[in-house]
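Just so it is clear, A, B, C, D, E and F label the chains in written order, and each chain counts residues from 1 on its own.
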Amino acid sequence: MVFLTRVEHFNAAHKLYNPDWDKEKNEEIFGRCANENWHGHNYELFVTVKAEPDGGTGFVIDAKKLSDIIKDRVIEKVDHKNLNVDVEWMNGKICSTENFVVAIWEALLPALPSAVQLHSIKLYETPRIFVEYFGK
Amino acid sequence: MVFLTRVEHFNAAHKLYNPDWDKEKNEEIFGRCANENWHGHNYELFVTVKAEPDGGTGFVIDAKKLSDIIKDRVIEKVDHKNLNVDVEWMNGKICSTENFVVAIWEALLPALPSAVQLHSIKLYETPRIFVEYFGK
Amino acid sequence: MVFLTRVEHFNAAHKLYNPDWDKEKNEEIFGRCANENWHGHNYELFVTVKAEPDGGTGFVIDAKKLSDIIKDRVIEKVDHKNLNVDVEWMNGKICSTENFVVAIWEALLPALPSAVQLHSIKLYETPRIFVEYFGK
Amino acid sequence: MVFLTRVEHFNAAHKLYNPDWDKEKNEEIFGRCANENWHGHNYELFVTVKAEPDGGTGFVIDAKKLSDIIKDRVIEKVDHKNLNVDVEWMNGKICSTENFVVAIWEALLPALPSAVQLHSIKLYETPRIFVEYFGK
Amino acid sequence: MVFLTRVEHFNAAHKLYNPDWDKEKNEEIFGRCANENWHGHNYELFVTVKAEPDGGTGFVIDAKKLSDIIKDRVIEKVDHKNLNVDVEWMNGKICSTENFVVAIWEALLPALPSAVQLHSIKLYETPRIFVEYFGK
Amino acid sequence: MVFLTRVEHFNAAHKLYNPDWDKEKNEEIFGRCANENWHGHNYELFVTVKAEPDGGTGFVIDAKKLSDIIKDRVIEKVDHKNLNVDVEWMNGKICSTENFVVAIWEALLPALPSAVQLHSIKLYETPRIFVEYFGK
């Protein structure tokens, strides 16, 4: 079993906001991240898949093909977008990096070829904060 | 003369939009950056000052003091903000990184002690795009 | 289960020295790292915790709060310090990065809220050497 | 158990080419990577070993000694080389990063002292593609 | 005047070899870099242009357009290539990074719009060696 | 004229301390950096030289030779050392990064071959603070 990771970049706006709470509570809990006029980030996305390398190609998966799948299912939907407003699969969810990484896993999983297993999604929100998800 | 650079980090939302143009022209010229719902970035800000090192401290400037000035004049105003909406000194300007770096220079310059000269402001918008300004 | 990592920075002096050995043996075993006048490093500390994201916030833990705990329990004690001399919880231990990362785990663990599990501590001593500890 | 990682750098030429296929099929499958005149990379190699730290040194392994072993068994064989042509242990294998990382594991494993276990080999081929192997 | 830099990535094979010298002298002068079977690198290319920002866009140049020009004139010609064999504008030149950066300047200069000046080309050959050229 | 930069790494202990001041004033001015038990850093040193590339080699200077000179004149003297105590050419100087970069320039300059000019020395003390010196 070999693990292959592809790194992709995108940037987006978002805010942290729980609609069940009033503005004061949102600001108390989320601080500057609750700014109603939004803020944003450059995100670095690490997608790791695993498999026995194929005998013909020596590949777990063609890294170019993996990149195309990530771009089609994730980057196109989130790059230069507002995560709270523009991204269908974040609808009704609090837009934390934790919830976002789980949503990316779910968006990507059905598009991967059956020859590989999705191992993990790692997402840097800033150079000093990142989250990682390994599935249920 | 020795040059000292302090690096600070912030993140913000913005969009590229010229109010003299209609939505179609803005989208034609600015592409995904014109998304009316905003997008955002992690910014890395490099502030470089120069001077003869002081005889008593060996410093061009105390890097902690320089950091405090940058935080007071720039980071507090822009971090977790919407550059088009929340930042007074971007009012009426197209929110390009080029215009932003010039505005940061002008915000910072009057706050620096006279013992140092401001040499340059460098601003990374993404890991692959940055601008630099050396004054007029 | 989602994993959240917060990265913090500090710098410190130390030396590698076993008091049970004479100077010659210390120099033979530890080489330049045994310099009796000390040397030092910029350390990058990665603290990873895990939990189900909270329903109200979408957080494993507020990254700001995690940062405050790390600063209170670790950074305040070690930043701009001599690890052999100034840090109580390194007393009587050989000041290797391996022993240091275990001591950081033990210093941090009791301060974390019960809603998260401490998963790992990773510590870069130089850009080319790092250690990681996952608990007993 | 503490994990220690040493990072080493090398650069090399290679091409992706399956000798059982004709030139057209190689170009169809491997694209630009099949260029018969070769291309190349700067590789970053992460070697992770694990053990209980030694009582006398506080070390999993002396990082200098680990570096010497990696240089002797791997870097000397591959640095400034053509992986398809010059590296004995890539003979008869398709020169994918996946096959390469497994071959590095096998080249390194017998040279490590019995006091440590080899945990993983991670190899960056570009800043955006890396593979990792944990043994059989 | 504002300076804008765009960073692009490519990888390639090459060797250092002076055809006026015999094999022994080439190996004596160029060491491992003279390996007749080639070696290679991941290159990071920094292209810096300068201008007064445009009143309509706030841009020195659209960074996407600059990227397209760099890709058309440089990346397409050198990415996944052998610099000594496949790149017309390196013909008859010793394939040092110094000669290469000058050749990139000359390849790029005629393709830039007249509204900007080419300020510098910086090229990382490894993370620890880079060259920079500012024109004649 | 082409500029070539070589990056080297070292680590060292130091403290900021002016012997003309008492302990209180040192602590007031230098804060945590005045810790009498020392602290330390990983330093990244960028040495830039310039010349017309040589007709025979295509080199400004052989980067390996430049590295050897830097190691002989600088790294050997400062790596794993205490800058205040162990480094002859810091004697009697306040050990600021500013004074240190000037001292490195002076230590290196006489050892460079006459075919190149020393252009600049850049020194990172932390990932967020660096100084640069271009000579008198």
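By definition in this document, contacts are C-beta pairs under 8 Å (C-beta built on N, C-alpha and C of every residue); 3 or more make two chains touch, one makes a residue touch a chain.
Keep in mind that what you see is a predicted model, and the values were worked out from it rather than measured.
Touching chain A and chain B at once is no chain at all. When the contact pairs of D-E are set against those of B-E, A-C or A-B, over half line up by residue number only for A-B. Of all residue numbers used where chain B meets chain E, under half belong to both copies. The two sides are thus made of different residues. When chain centres are defined as mean Cα coordinates, B lies farthest from chain D. Chain geometry summary: the mean Cα position of chain A and that of chain E are 34 Å apart.
Taking each chain's centre as the mean of its C-alpha atoms, chain C lies 28 Å from chain F. Shown for chain F are the residues that touch two or more other chains, namely 127. Chain pairs that touch, as defined above: A-B, A-C, A-D, B-E, B-F, C-D, C-F, D-E, E-F.
The touching residues of chain C, when paired with chain F in their complex, are 9, 11-14, 32-33, 35, 37-42, 79-82, 85-86, 126-127. On the side of chain C, the complex with chain A involves touching residues 1-8, 48, 53, 56-60, 63-64. Of all residues in chain D, those touching chain A in their complex are 16, 18, 20-21, 29-31, 93-99, 101-102, 127-134.
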